[in-house]
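Listed below are the structures to be examined.
Look for chain A in each of the two complexes below; its partner is chain B in the first and chain C in the second.
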Partner chain A sequence: MIDRTALRAVALREIRTVLRTRAYLLLAIGLAVVLFGIVDRSDAVAAGYVPSTVDLLLPMELLVPLVAVAIGYRAFTGDNDDSSVLSTYPISTPTLVTGVFVGRLVGLAAILALPLVAVLVSVAWTPTVGSTVFATTDGVDSPILFVRFIVLTVFFGAVVLAMTLAVSVLTQSSKAALALGIGVFVAVVAGGDLLLIGGLATGSIDDGMLRWAIGVSPNSAYRGLVYELVIGVATAEQGYADVGTSVIGLGLWSLLGLLVTALGIKSKRRAAIAPSIKRHVR
Partner chain B sequence: MNQTTGKTRSKRERTDADDRDPESDVVLETRALTKRFGTVTVLDGVTLAIPRGSVVAVIGPNGSGKSTLLRLLVGDLPPTEGSVDHYGSAVSRATGYLPQRATFRPRFTAAETLEFYGSLLEEPDVRPLLERVGLQAAAERRVEALSGGMRRLLGIAQAMIGEPPVVVLDEPASGLDPSMSRHVFETITEMAAREQSVVVSSHDVSLVESTADTVVVLSEGSVIDSGTPDAVRRQFQAEQLRDIFDQIGDEDGRVSVVGGEE
Partner chain C sequence: MKSVRVIAAISVTVVVLVSAGAFVVSPNSSTQEAVDFEDTVSIGLTLEERQTIEAHGRLVPRVQVAYSQYPFVVGYRGIGQAAEAVDDPLVRQQFGYAQSVHVEVAPTDVDVDSDGYLHGEPTNEWIPADEAVFVTDTDARTPGVEATVAFESRTAAGTFAERHGGRLLEWDDRTAFEAREADGAVANDRVDAQHAEADERVATAFESLDRPESVVVGEDAETIQDAVETADPNSTIRLPPGVYEESVTIDRPVSIRGENATVVGDGNGSVVTVTASDVAIEGVSISGVGEVSRPDDVTPEGWDGHTEAAYGHADAGITIADSDRVLVTDVEIDTPTSGIAIRDSNGTVVDDVVVRGADTWEDGFMGVVTVRSRIVVQQSTFVDGRDGVYTLRSHGAVIRDNRFDGGRFGTHLMYTSDALIDGNCIHGQTAAGIVIMTSPSRTVIRENVLVDASQGILTSGSDSYIGGNVVVASQHGISTNARNSLYSDNVLVGNEVGFVAASVVPTSRVVNNDVIDNDEHVLIRSGPLRVWSHDGEGNYWSGAADLKREFTPTGPVDGILHRTTAATTLAASPAARSLRQLRTETPGMRSESVVDASPRATPANDSRVEFGSELRDEYDRNGAVECPTESHHQ
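Showing the complex of A and B:
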């Protein structure tokens, strides 16, 4: 179903596209400046890894969807839409979708992770008690915890990217894709939380259900995982969210995004597989 | 009016694709191909048979359904009615296609662009194709730095990757200077000499006249005539193929053919 050679070719093309797009470079620089500005103003770098995570969590909830939408919304539109030509090559829909997703994700991961790694290095260079301890023991600040934060942030970005690819393939133009991409951004950033608040207000979600319900919305699932696996480990205060539900929630959102993307591609290619078009091998 | 190409007029009597003679040289056949967008019929009952190694030119005024026909042939659009049948041995790429508006990644060089498509067929050495279309000097130039005509040439080279038995080119000479247009049609002749069948739409009827084995004249979605360039000229009582454009479409928008059917 997945042809490795074609997958590699498609993924490499996407990585090169991201690397050669000046707007993405500016986006990466802008993100780095914002993140360093935040930790510098709050002296979080001097305070340690977990304080830096706490300071960066809320901004990342906004910035990660923004960057993911920027990277993904044109993946299948405008100059990147060569579906007419690609339909004459032996490349399956799963291979194409996976290749585009993996390639764009590599670009997105670099844009998100590099500034965070730079923050991690800054914390390590700034003398603090925690910066010399490589451990995850409760109550101890550790670079491992910040690495977890980076991994979770990239995971969150992957989820939003998958949803954005679906938007890209379902729209006919870059403008329409951008408009719908902004819709995804708003839905991810505010929609899930608003639904949770609404559920709590109306009583359809009670306090006991909340730690599971948090896993349903991508944004709150990400926040829940960061609390459970990074902040809570250092502060020994856990139980905010259910880790399993949050991971499954994020995974399902990714799968849904990729599935819709695949169906969109398949719909574009419906002609090539239409029963009225037949190939007779002699 | 359904028509078939001149070379295969007798063979099209068959009606069932599965009954086609294994020795037949037809590689692509359409039957009563119809495409509607909503209530608008863009293509109406087109029946064609494309022999191996032939150049079939589809000509007609703007909006006559040429691009739609070509998109149906490559499977870029599903037909509303009718069928498209491809015949031949199992190949990794059955049809090469140059769309009317081909898009390539602007920040990739011409060579990288072809190498990407070549890699999908595990055919890494695609640079000779750049030479065949006359783009070798621009191999390392980015797509965004290529002129419109050069992008067409790149699109033609892309359509040739994998030596597909059928190559469909939608306005390949669009935006090219006369010399490059001639070169493109020479390349098309070369493809036919390699037993590839080429279906090409073009407004450059003088080059069509000198290159095509068969001309299919489309008007308002229907084939109003087909045959060798000479036969079509005779049918329209035209000195040159370009003269038939003057005869297509009267004031009511109906198609009239001098010496032919209405």
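Showing the complex of A and C:
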């Protein structure tokens, strides 16, 4: 079903597209500036990896969907939306969707991870609250925890990317794709959490369920994982979220996004072929 | 092309391995090694207790703790102390959980001395707390509490328990270890009792004034000294109005009662020297005091000898030595050196006294200086000189309802625990109003008014209560250096800096204070982030009344909210909000800031705020302000 050579070709083409688009470079630089600004102003750089994670979590919840939408919303417009090209692509729909997703994800991962890795390096290089008088300890703090944060952040980005691909394929124009992309952004940033809050308010979610229910909202799942696997390690508190449910929740959202994308491509291909058949018959 | 592929494949593999590895590897695997105790941020015991322990070769078992969210290793003197700290919710909030706990192994020859204190040399050998065997409920003591001792083996612990009693326990049983029950609230609870006890001492001392008159100077005796020598014990010597040019030594229990009587010394030594208990001096003015502040013939003895020699033996208007229950009342003293020097004289009462010292503090000395004496100083006035009241090892000193004008320090405590400084008005000092040095415990500083007092209240030590004070127009209001203490209901108005935070181990509660119109509400000198609120109870900060959110008086934006409304606009920005977000999650690792999670919407102490604001306004108008005349007690 998936042709590996074709997959590689599509993915590499997408990576080249990302590389060629100067705006993405600016996006990465802008992100790095914002992240550094935050951890520098809050002294988290000197405080350590966990404080840096604490400080970057909220900004990342907003910035990751933003970057993912920016990377993904035109994936199936422009070149890729040329119906005649699509219809004559000698590759299967799953190959095409996976290729586009993987290629864009590599770009997204680079844009998200490189500034975070830079933060990690600068935390490593900045001396912690030092003292010439007292023995110091790093407490429970480790670059490992920050690597976890980076991985979780990229994972979260992948989920939003998959959802964005789905809306991008459902629309005809770039403008419409942008509008729907913003819709994805709002839904991810606020929608899921509002549903959870509503659920608590109406009593359809009780406090015992909340740990699992959190896995349903993508950004809450992300936040829960960061709390549980990064911040909670330092504070020795657990129970912020059920890790399994959150991971599965995020995984299902990505699969759903990719599935909708594939279905969308399929119907577009059919629509592109149909008029030519009609013409042929006439 | 092939090499590019190989590099790509390797890179991908590395990224995948690192990513997956981050979740597999435990970040907890590195354990904190024990360090030299000298290198820890150490707490527990007053400086005096530490000096005494060292001088007697006594032992206080020690513990060191590395917390998950605090950059320094914390050392505790006393196992119970540490046990209590690691389970304290306030400590947990500030420092995280105890990541590693090491206890010092007791020396093999650990013993109990004749006074019941644990005896031995500290080993500075450390083992993890959960590998140690503890002996508690023994007949051995350490200062303030029954000793808990740690051993490496059950055999060693058992041997000790056989000789000195006690049960063998483990670290997990630590709630059974005795710790000093102490914090600022506990200190405040004893105030009424301490006032009552002081009232009793005052009443006892005043009984001396009821003695029958046996000698009138000028009629029955030529000089006061003659009168002292001829008077019946427990009788009164009357001084009719006049000037008496002599120095007097009172070595018998008599009362000297004057009326417009002035005693003028010859400018050498003390004018009146008391060497007998139950002496009373009333209604005299004293001048002609000698100018020697540090005589050469005093040989320092003991660990506090040098301090005593430096401050306790100056020429004075009245010197009281080795004499209990002495009363000095309605006395005025003009002195280039000390006013009243008190050494080893418990129950001494200084009441309604005026001491006028040198115009510049460098030329003067102490208004009242006390060494190892339980004293009451009340309703007196100290003008200029060096320090108004200076105490050395005078535990339980009560200093109340006095007025201090000028000088270097108003009240200055050295090695003095359990002091009560209440209801004083202190103004115009060049260095500080109330200064606590040498880490004493359980000091109470309450209901004082400090105006233009430079450093206001400088605290030190632990388990103290600093409450209900009003500090106005000073450079610094109150320093929060005393640990494990309660700072509440203070009003800080119109100072350059309200609170100064410098303690490296912030384990105090700072709540219900009103911090108003200071140039800077909080100045932070060192140490980690502090949370100055508790259970939804915070402080009132002018400029932050309508916040309804956590407030960071040390922050660049919050810190100027009371000075410019534009700061409110910036504070509402997403950037500022996200910087604020979750700051208190890992407070111990962050440096130098104060967060009030529940700032008050209205002042906590209305009448005090009104009073403080009036003083400030008066000060702004006139550049000076008088102390109010009403007193809080008696």
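Going forward, the second predicted complex is superposed on the first by the 253 of 282 C-alpha atoms of A that agree within 3 Å, B and C clash if a C-alpha of one lies under 4 Å from a C-alpha of the other, contacts with A are read in each partner's own complex, and residues count from 1 in each chain.
Simple rule for what comes next: a residue touches a chain if its C-beta (ideal position, glycine included) is under 8 Å from a C-beta of that chain, and two chains touch if they have at least 3 such contacts.
Bear in mind the structure is a predicted one, so any value in this text is a computation, not a measurement.
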Which of chain B and chain C A:Ile231 touches, first, second, both or neither: second
First, second, both or neither for A:Thr98, with chain B first and chain C second: neither
Chain B versus chain C as contact partner of A:Ser254, first or second or both or neither: neither
Chain B versus chain C as contact partner of A:Thr171, first or second or both or neither: neither
First (chain B), second (chain C), both or neither touched by A:Arg13: first
First (chain B), second (chain C), both or neither touched by A:Ser246: neither
Which superposed partner A:Val151 touches (first chain B, second chain C, both, neither): second
Footprint overlap on chain A, comparing chain B with chain C: none
Chain C-facing residues of chain A, complex: 37-38, 41-44, 46-48, 50-51, 54-55, 57-59, 128-129, 131, 133-142, 144-145, 147-148, 150-151, 229, 231, 233-236
Contact footprint of chain A on chain B as seen in their complex: 17-18, 20, 22, 71-72, 74-79, 82-90, 92-97, 99, 102-108, 112, 116-117, 119-122, 158, 164
Of all residues in chain A, those that touch chain B in their complex: 5-6, 9, 13, 16-17, 20-21, 78-82, 84-91, 270-274, 276-282
Residues of chain C that touch chain A when the two form their complex: 18-19, 21-23, 25, 27-28, 30, 32, 35-36, 39-41, 66-73, 96-97, 99, 504, 528, 575, 578-579, 581-583, 585-586, 588-593
